Every structure is written in C-alpha cells, then in structure tokens.
Amino acid sequence: MMKTLIGRALRGFSAAAIVAMPLTAIANLVSASAASAAEKIVISNWDGYMPKDLLANFTKETGIEAEMSVHATNEEIMGKVTANGGQGYDVLFVSSPFAEALHKLDLIAPIDAAKVPNLANLYAQAKELPYDPGNSFSVPYTWGTTGLCYRSDLVKTEPTSWMDLLQPSADLKGKITMLATDRWLMAAGLKALGYSVNDTNEADVAKAKELLISAKKNLLAYDDTTFYSKLVSGEASLVQAWDGWCNYGITDNKAIKFVVPKEGSDMWVDTMVVTAASEHKDAALAFINYILKADVHESVAELTLYKVPNEKAMAGLDKTLVDTYPNLGMAPADLVKQEQLRDLGKEMKLYSKTVTEITASN
Amino acid sequence: MVLSRRAVMLAPGLGWLALLLVIPCGIIFVHSFFERGIYGGIDYVFTLENYRRAIDPLYLRIFLASVRIALTATAIALLLGYPAAYFIALQAKRRQMPLLILIMLPFWSNYLIRTYAWIVLLNREGLINRGLIDLGVIDTPLSLLYNDFAVITGLVYGYVPFMILALYSSISKLGPDLREASTDLGAGAWRTFLRITLPLTLPGIAAGCIFVFVLSIGNFVTPDLLGGKQRAMLGNLIYGQFLTARDWPFGAALAFILIAIMMLLLSAQAWLVNREREIAP
Amino acid sequence: MRADPVKTWLTAHLGLVYLFLYGPIVVLVVLSFNASGLPTAWTGFSTDWYAKLIQNEAILASVRNSLIVAFSSTAISTVIGTLLAMGLEEGRPSGALEALVTAPMIIPDIVLAIALLSFYTLLHMTLGLHSIILSHAVFNIAFVCTVVRTRFKHFDRSIIEASIDLGAGEFTTFRRVTLPVIAPGVIAAALLSFTLSIDEFIIAYFTAGAGRASTTFPMQIYSMIRFGVTPEINAAATIVMGVSFMLVFLSQRLSREVE
C-alpha cells in the first residue's frame, strides 16, 4: 500500500518535472528569439497605469517593440535597479524622489531633449520642477497633490485643515485612515504644524511625531492602497489620499469629495526615466516622446483620472470629466505652490526611525 | 563506503545551499559593517554603527511584540492542526492524499487575494458583522479588523496548512494499532495519547511549530493589510529598512541579529526535544 | 457499531478546519461572479470578469509562469531535500549542518531576494524563470528536508545496514526499505514546497528577468493592486487554484493508472 503511495507520488512529481522543464526552456527560447527580431525596449510600470493598447500603438507608429514589465511599488523597482544596475530595463516609471535618488546613484541616463521634441507640449511649470529643472534626467508622466478625501454625506463639517484629520471631531474617531508610506505620513504632521515636508530639524520632526502618535488612536487603519474603497463602503468617512485615487472613490460614490488642506500639502510627480544600463536609449526616448503626444497623454489622463503635466493633452480633456472629478481641473500654477518631496539623503535615517516609532507606538 | 554514500546524499543539498545561500547572504552580511551611502547605496567604510543603532529599546519592543504574536499564532495553529492531521492519518491510505490536497487547495490561489477576502469578511460593514447583526446576536459591529486579533487570524490561516503537513508526516508514521489505541474509548486512551503518541510525534510538532513561527515573524503583508499597519512587526521593519529607507547596511544588521536569535532559540528547542525523547519510554 | 465520540469529535473538528480554510475562498470565488466591481455589494451573477480575463494575456502568461516555477522548483527540491534529509539522519548530528539547513527558513525573504540578485549580477547571469526556480529551491530544500526528517526519528537504521549486508544494492535498499518509510513525508514535503513556491512574491520579483516572460502570477497581482482589486483578479485566483488542483490531481491519477 505504502509502495503504491510513494510510487504514485514520485511518478507524479517526476512527470510534472518532465513537463515543466521543457516548458521553461521553450519559454526562455521564445523570449530570446522575440528579442532578436526587432529593436525592443522593456518598460517597468504599474499594471493598469497605461492604456492597454498604448504599447501596441507605439509599435505600430515607430516599429519599435515594447514589452511591459510590472512593479508593485517604487521601493521594489528601486531596490532591484540598485542591486543589478537596471539591466534588462529601458524605461522606468517611478515617483520623483526615487528618480532623484536614481540620478544621484548614476543609475539613470540623461534625457537628450533633442530626441524628445514633444517636451514642448509640457506646461512651463513641468519643465522647471525643483528636483530636476529642465527635465535633465526625468520626464513627468502624471502629477498631483495629497489631501483629504471624504464622504460629504457622512461628515458633520467639511474638513479644511490637516488638524481635522489629526485631531478629529468625536463623530470621526475610528473612521479615519492615513497613508503609511514614510514621507506622506510625516508630511501630514509636518504640514499641520506649519513645517516643510522636507524639514529635517530634529525638534520639528519630534513635534510632528508626537502629533502623529496622538492621532493614531483615532485611526481605523493606515492604508496606502484601498482607502477609497473604505470610503465607498462607509467604513471610513475621512482619509488622507492622493488626489487621483480619491477620484476612484468618486467614480463609485458622488458624495466623495477632495480638498487640499489650508496649510498646504505636497506635490507628487510620477516620472519616466531611462536606465543608464539601457542598450536602446534612443528607442527609450522615442517611447517617452510618444507618451508626450497630446492625444496619447490625454488617454492616460482619461484612464488613470490623474492630472498629466501636458498642456495640449489637458486642453483636449473631456470637460465632463473635470465636472465629475473637480481636482482634475486644478491649475498647474496652484499645483506647484505645493511643496515637492525631495530625497533627504542622510536624513532618511531620521525619518525612517521616526516612522518606526510612530507605527510601533500603542 | 558508508561515508561516501552519505557524501553523495548530502552533496547536492549542501552544495545548493552553500552556493545560493551562504555566499550571497555572506555578501549582504558584509554590508552590515558598512555605511549607508547618502542616496541609498553603500559607502565602503568599516563601521559597527549599524549594530549600535540596532541595540535600541524601540527595536527590542518590536521584536518582543512580534515574538508574542508569532507564538500565539503558532500555538493556535498547533491546537487546530494536530487533531486535523491526526484524523487524516487515521483514514484509509487512499483517502489521505485527497484530504491533504483539499487542505492545501485554498493556498494555491494567491496570498494577497485571500487577505482581501478576509477584509471583506471581517470589516465593520463586512459579512460576519452584518450576519451577526441580522441574526440579532450583536447590536453594534465588532472590531474584528485592524488589530492583533485580525493579524493573528491571518497568520494562523496562512500557515496552519504547513503545520498540518508536518504533523501528518509525523503522525502517519505511527503504526495503525497505535493510532487506533489512542482513539478508541477506554480508560487508557488519554494516557496512551499523552505517554506514547504525543512524544512519538514530537518531531512533527517541532517542525510544524518552526514553520508557523518563522513564517509568521517574517510576514509583512498580513500586519499591513489586516493589522492596518498599526503594529510594527519585524518583517515590516526589515523590509522597510531595505526598501523604503534604502538602508541596506542597517537592514542587514537587523536581519542578522534576528537570524542569530532565532538560531539560538531553535537550538534550545532542538535540545529540549531531544531530551524529551530520551525521557519518553 | 457504536458511535465513537472521539472519532465524532475529530470529524467535527476537521469539518471546522475546512470551514475556516474555505471561508475566504468562498468569498473570493463568489466575488469573481459579482457583476459589480466593488466587493461591498452583490449586484447579480455575471461571468464577464472571466470573459475579460481570457483576453488578458498578461495575466494568463503569469499564471503559466507561476505553474512552471512551482512545479520545477518542487521537483528539484523534493529530490535534493529528501537526499539531504537522509544524509543528515545517517551521520552524527552536527550543529553547523543543522544551522545551514535551518537558515533558509529563518532568513527574511527580502534579504535572500537582494542577496541572490546581487550574486546573480556578480556572475553576469541572465535572469529569467530559471533564476526564480533556482532561488525558490533554496528555501524549498530546507522545508522539504525538515518535513522528511520527521519520518526518520525513531527509525531503526539497522534495517538498512542489514539489507545492504544481505546483498541488496544501494538503490534497491532505498526503494524497498527507506522509501516506504519516508513516503508520506516526501509527499507532504512536495505539497508544501509547491504551495510555498506558487505564492511567493518578493524573491521571485527580485530574481526575475525584466519583461513578461518571467512575470509570475503574484508579481502580476501585486502590481495590479495600485489600481484596485477588481473581480478580474478574483477570477484569475480562482483559475490558478483550479488549474493547480487539476495538475496535482492528474499527476496522482496518472501514476495510479500506470500501476
């Protein structure tokens, strides 16, 4: 009896192995032969952050093949590129502080503006971003700000200040979520106290920490990914949110609104960069240039419900979209009044420890 | 002859681990004695600073909290898993395999999706709360999510199958008579179980507990999603140092301190199991 | 035959364990048929998400990749891990060896992930599905070895020596004497390593090559999360579960028929 059991198992798994191994070999061969057919670039991005047919259309127009590779967070693609120098990747989509760090680490290549004529379509403000004036190593893809996203039918008074989030009225206790990603968590506390989102003065950071720890007891949870569905379900009434993500909530419930607190907020930019390791830099720049075409970039805004820093694309945007999602209409001049997150260099240690202290507090 | 036979059996496994574990992790270990570069790379300057930073009550507190949660999850998984594995081992041989496959089947979907399914079940507007309110059992929703309860539930759920597999492997080794003996009713049954069955299956218990404990303490998805990130655990801490803070040297120092502590705990545990076995009849 | 209360109790317990294990799975599968994209309300039965999924080549390719990785790394680690277990049990206990085979289980995933990627980069190795398989085998070997070893405790090793003394060859002895003893452990270990591998994200992400050809299912899912969990993901998870079940079940059935 036992022998049959073992025989079965062994045969089963060796059969599986015999099936699986050649499959692997074939899969690798197929990808290898595809690579040699035409010039091909590999793009790392979040799944769903580009229109589905964008890559196929790009190939149709330029003859360059483009393959999508997916990452889940800025941190992961950053870690991977730091460890292997970015081999295999040509274009990366990352948020601006990561682009800045990749640049300082010499892991990304300069942008040759002559090869990206569509840079002209960008808003003037998008060409003079403080972390990269003149788009020397990064090209903005989407931009926006962080603020308060709330259910106007569930809050007694409409929130206007970071303090409405951090020291909420009694009816909101336990119905609030905050972002837990280091920089944005800190930004809420720093901005509430009137400090800069890049403040590295220890006393200021300590004050923000105290405020954030006291705010923790009123939270439902920290949430970086599903906060808008908590608003839709009514589990939460007020959440700290990126503007574009608040729009996903608005799609499902029109009572959801977005406001930038009166103390000001940060401005985030998701960027496109070309890896230093890329062997197809011209093709990579051609891809970035393609994205910047007015109609292509407009389709990005329509899909993601994020503002794009492309004047021509935004001009073509369906006006009813702006009516439904008012924050899409925020003027670039107002947007750049918000502070931009900068890479903090060696002061990252201070922020990282402070955030650990906040999340470990009871 | 005997030695060479043993060498042949050991060589592939030890070779694999030497090449793909010892050398790569050795490189990272060396990193723990360097400085974090200003922008997140490595400055190759020798320092013990990372270990000094690690000796901080903050990290000790996180360590103890993680151990407490992982131990609770392990104990619950053992209590749930032992009778289940025992029952499966009692069945006729041809039924054991299907029963085991059924235990594992849910875990071939996806960790993240299962965790989201738990959120659908446990949240304040979720299925369990709505069900209980509709049945009139409770008036106001229970807080089932974003606390230690949810984290432990998630960990037990995620890892009880591994406990059951380890226990099954060990329990099914007992002869059929022995298994029956401690299941039949009778004055001696409980004693048979405690005095003979339990000690004989200690290796399985030890293996299962190690699985659940080490997998729990390194987990970072469950504390994030089910715990609402409100309790920092060791898995999150180390993951965050490597990826969010981009401080590989410090992350490496924390990781290797953790590994050293766990090695000590495990050798203490192995020693206890061995001693137990010598005492057992 | 009288009902045995202990057996009744054990049966009930196993039922409850299955209920616990399948609770979230029922939610997952039901949501994959929900017409609405939100997990908060049931708005009617629909197979649209499956129709959408079938056109999503990215997800389907990732499912195939995950199955290849899980089956291959399971096959490798089941053989190597079992041999390792036999070798370790045969000689004198050694602290250093024990530490070595425990380490892969203890080491945080992110450390192993970055360590392996740095190492492969140092060797100028091309990354792909094969590098994920090699990497998954590292922890799978340790888990397999640990499970199989539970079968060896209290195992009377003199039988092996007797068998060899009587003139049976190494292989015959292994097949006729050792294997029957450790069989259930080997099967359990293989199931365990398949389960660990098919769901592993962080090591797979770091050791995968760039591009679709080595994107696994968990990598695909984690990336989709930023733009929300649509029932399409639930449909995909349901399919992975179903296909894994069929493959494992078939490999069992096939080998039984051969006998």
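Chains: A, B and C, in written order; residue numbering restarts at 1 for each.
The rule we apply is simple: contacts are C-beta pairs under 8 Å (C-beta built on N, C-alpha and C of every residue); 3 or more make two chains touch, one makes a residue touch a chain.
Just so it is clear, the structure is predicted and the values come from calculations on it, not from any experiment.
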{"item": "Of all other chains, the one whose Cα centre sits farthest from subunit B", "value": "A"}
{"item": "Which of B-C and A-B has more C-beta pairs touching across its chains", "value": "B-C"}
{"item": "Separation of mean Cα positions, subunit B and subunit A [Å, integer]", "value": "32"}
{"item": "Between subunit C and subunit B, distance of the C-alpha-averaged centres to the nearest whole Å", "value": "15"}
{"item": "Numbers and ranges of subunit B residues touching at least 2 other chains", "value": "97, 116, 125, 242-243"}
{"item": "Numbers and ranges of subunit A residues touching at least 2 other chains", "value": "2, 5, 76, 79, 226, 233"}
{"item": "Per-residue overlap in subunit C, given as positions that touch at least 2 other chains", "value": "39-40, 114, 118, 184, 187, 222, 225, 229, 248, 252"}
{"item": "Subunit B-facing residues of subunit C, complex", "value": "4-7, 9-11, 13-14, 17-18, 20-25, 27-28, 31, 39-40, 79-81, 83-84, 86-88, 90-91, 95, 97-112, 114-116, 118-119, 122, 134-135, 137-138, 141-143, 145-151, 153-154, 170, 181, 184-185, 187-189, 191-192, 194-195, 198-199, 201-202, 217-218, 221-222, 225, 229, 233-234, 236-238, 240-241, 244-245, 248-249, 252"}
{"item": "Residues of subunit B defined as touching subunit A within the complex", "value": "36-41, 58, 61-62, 65, 93, 97, 116, 119, 123-125, 145-146, 224, 227-232, 236-237, 240-247, 250"}
{"item": "Subunit A - residues contacting subunit B, complex", "value": "1-2, 5, 73, 75-76, 78-79, 82, 101, 104-105, 177, 180-182, 216, 219-223, 226, 230, 233-235, 343, 345-346, 348-349, 351-353, 355-357, 359-360"}
{"item": "Touching residues on subunit B, where the partner in the complex is subunit C", "value": "2, 5-10, 12-14, 16-18, 20-25, 27-28, 80-81, 83-84, 86-88, 90, 96-97, 99-114, 116-118, 120-121, 125, 127, 157, 160-162, 164-166, 168-170, 172-173, 183-185, 189, 200, 202-204, 207, 210-211, 214-215, 218, 234-235, 238-239, 242-243, 248, 251-252, 255, 258-259, 262-263, 266-267, 270, 277"}
{"item": "Subunit A residues touching subunit C - in the complex, by the definition given at the top", "value": "2-17, 19-21, 23-24, 27-28, 30-31, 42, 44, 46-49, 67-72, 76, 79-80, 83-85, 87-89, 225-226, 229, 232-233, 248, 252, 304"}
